[in-house]
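Note that the chains are named A, B, C, D, E, F and G in the order they appear, and that numbering of residues resets to 1 at the start of each chain.
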Amino acid sequence: MNIRPLYDRVVVRRKEEEETSTGGIILSGSAKEKPNQGEVLAVGEGKVLDSGEIRPLAVKVGDQVVFGQYAGSNTITVDGEELIIMGESEIFGIVA
Amino acid sequence: MNIRPLYDRVVVRRKEEEETSTGGIILSGSAKEKPNQGEVLAVGEGKVLDSGEIRPLAVKVGDQVVFGQYAGSNTITVDGEELIIMGESEIFGIVA
Amino acid sequence: MNIRPLYDRVVVRRKEEEETSTGGIILSGSAKEKPNQGEVLAVGEGKVLDSGEIRPLAVKVGDQVVFGQYAGSNTITVDGEELIIMGESEIFGIVA
Amino acid sequence: MNIRPLYDRVVVRRKEEEETSTGGIILSGSAKEKPNQGEVLAVGEGKVLDSGEIRPLAVKVGDQVVFGQYAGSNTITVDGEELIIMGESEIFGIVA
Amino acid sequence: MNIRPLYDRVVVRRKEEEETSTGGIILSGSAKEKPNQGEVLAVGEGKVLDSGEIRPLAVKVGDQVVFGQYAGSNTITVDGEELIIMGESEIFGIVA
Amino acid sequence: MNIRPLYDRVVVRRKEEEETSTGGIILSGSAKEKPNQGEVLAVGEGKVLDSGEIRPLAVKVGDQVVFGQYAGSNTITVDGEELIIMGESEIFGIVA
Amino acid sequence: MNIRPLYDRVVVRRKEEEETSTGGIILSGSAKEKPNQGEVLAVGEGKVLDSGEIRPLAVKVGDQVVFGQYAGSNTITVDGEELIIMGESEIFGIVA
């Protein structure tokens, strides 16, 4: 299964969490802090302007992005993997 | 009975829930988690822009769509079947 | 008495409730569930755009419409009959 | 004293309440239900559009209008008579 | 001291309260009901439109105006006299 | 240190509080009522319009201004002196 | 790692807190008041206007800026250093 996001939405795969915390303790479950970083897997066609025109997004497939704390609330499960779908406005920046 | 949605509204038939959970236990009633996925049955003419022009929707009849957790709250019963009517902005993406 | 709605407002006569529930029990009073469907009796001239122009409504007199759960809160009594007055944006679609 | 409403505001004289309820009981004080209907006594010049132009109102002096339940909260007392001043958007329709 | 209001703001001197209530009792302090009427002492240059142009106000110095119940909350004391400063949108109409 | 405010922001030095109240009692601490008046020390380049153009502010350096009760909440300390930074829309008028 | 902020976002390094308070007491932990001042490390391409055009930001890399009390809530950790990412509208002014 594959998702083609609508308009200004973006599908992001959250960066894998480090399995060890400082000091080398192995974390599991909710004790692992979810990093607000990930890779863009798919982008929508663009944002609809008041004029009805479409403005292409600034992020591209493959970009590593940083996003807001609450951006990760809408998740979809694709082939058993949890992905995040968010508006581009929830993305703070691109890791360069 | 058939519904012709107004403007940017879309009629969606929710995807049938899997009758078995992982491990093969048969679920029933509220124990079944409603999937946020479905098929588009009808689409409105389009979104009215500030200029008064109509912008056709991006989703089409037959599309499999993923939508937000709260998009399913407005339901209509057509010939005994519960369908969802939502704005296109509540649709995250199209399953490709 | 007759009402000529202003701008994008619409007067709707709620569809008569079925007097029998499944199983043939006759319902009365608040036990009857009000259906969110009705017939359009009158429509306003249209919605005022930002430009000041009027955009005619999509619904017409005689249309059978489906509307939101809370659209029915503004009622007017005309010749002893309770009618609903709502904005066109509260109408989900037209029954075809 | 006379009031000239500004822009899209309208002065309405509430319709006199029926002194008898069904069954002929004479009502008094708060027991009388205030009808949401009245006569337009004065109208503003029109609504200011984004462009700065004025769009004349749809209601006219002498119109019998129906208005929302909460439209009557701003009252002014002119020559001992309580009148309502409301925005035209609070008026549902014109009684024809 | 004199105040030149900015943009769409207006300085209003509240109408002096009647010293006697119906029946001739002399009122004092908080027992006196503040009338929502007053005289315009100064007006701003006008409202800034989206285009950046200025639209002159409809009220003029010397107008007797009626205003909303909560319009009087911003007061300034000029030469020992309490004046009200409000947006023109808080003025309902002009007493003619 | 000096602050150059951005866009429609303005730096204001609050007017020194009168040290004596009516009757000549010397006030101190929180008993002193902060006057909502001050002098403009710096102004931004102007307000950005929807079109992207900049509209210069109406207030100028040196103006004595009156502002709202809550306008003073954003303070910056410059060379040990507490200054207020506010949007021009929080300024009611200019003392002439 | 480096962050390229999107649109009107700005990356700011908070100014190091003074280690001694007035009187020379050394502060630690939460007793240290975080100054709302910092240096701009990176700026987005600009703000998207309604027309879809991009308006470049007013702040530049290297600017010392003053920002609002709540602007510092979105932090990102880059190479072990906590940086703030904020919209340009949260910046009050530039220290000159």
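The criterion applied here is as follows: a contact is a pair of C-beta atoms (placed from the backbone, for glycine too) under 8 Å apart; a residue touches a chain by one contact, two chains touch by 3 or more.
All values reported here derive from a predicted model rather than from experimental measurement.
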Angle of the C-alpha superposing rotation, subunit B to subunit D, to the nearest 5 degrees: 105
Intercentroid distance (Cα basis), subunit E paired with subunit D, Å: 23
Cα-centroid distance, subunit B relative to subunit E, in whole angstrom: 53
Per-residue multi-chain contacts in subunit A, two or more chains: 50-51
Category of the chain touch graph - line, ring, star, complete, other: ring
For the subunit G and subunit A complex, residues of the former touching the latter: 1-7, 9, 11, 42, 44-45, 48, 50-52, 74, 76, 85
Residues of subunit D touching subunit C in the complex: 36, 47, 49-51, 53, 55, 58-59, 66, 68-69, 88, 91-96
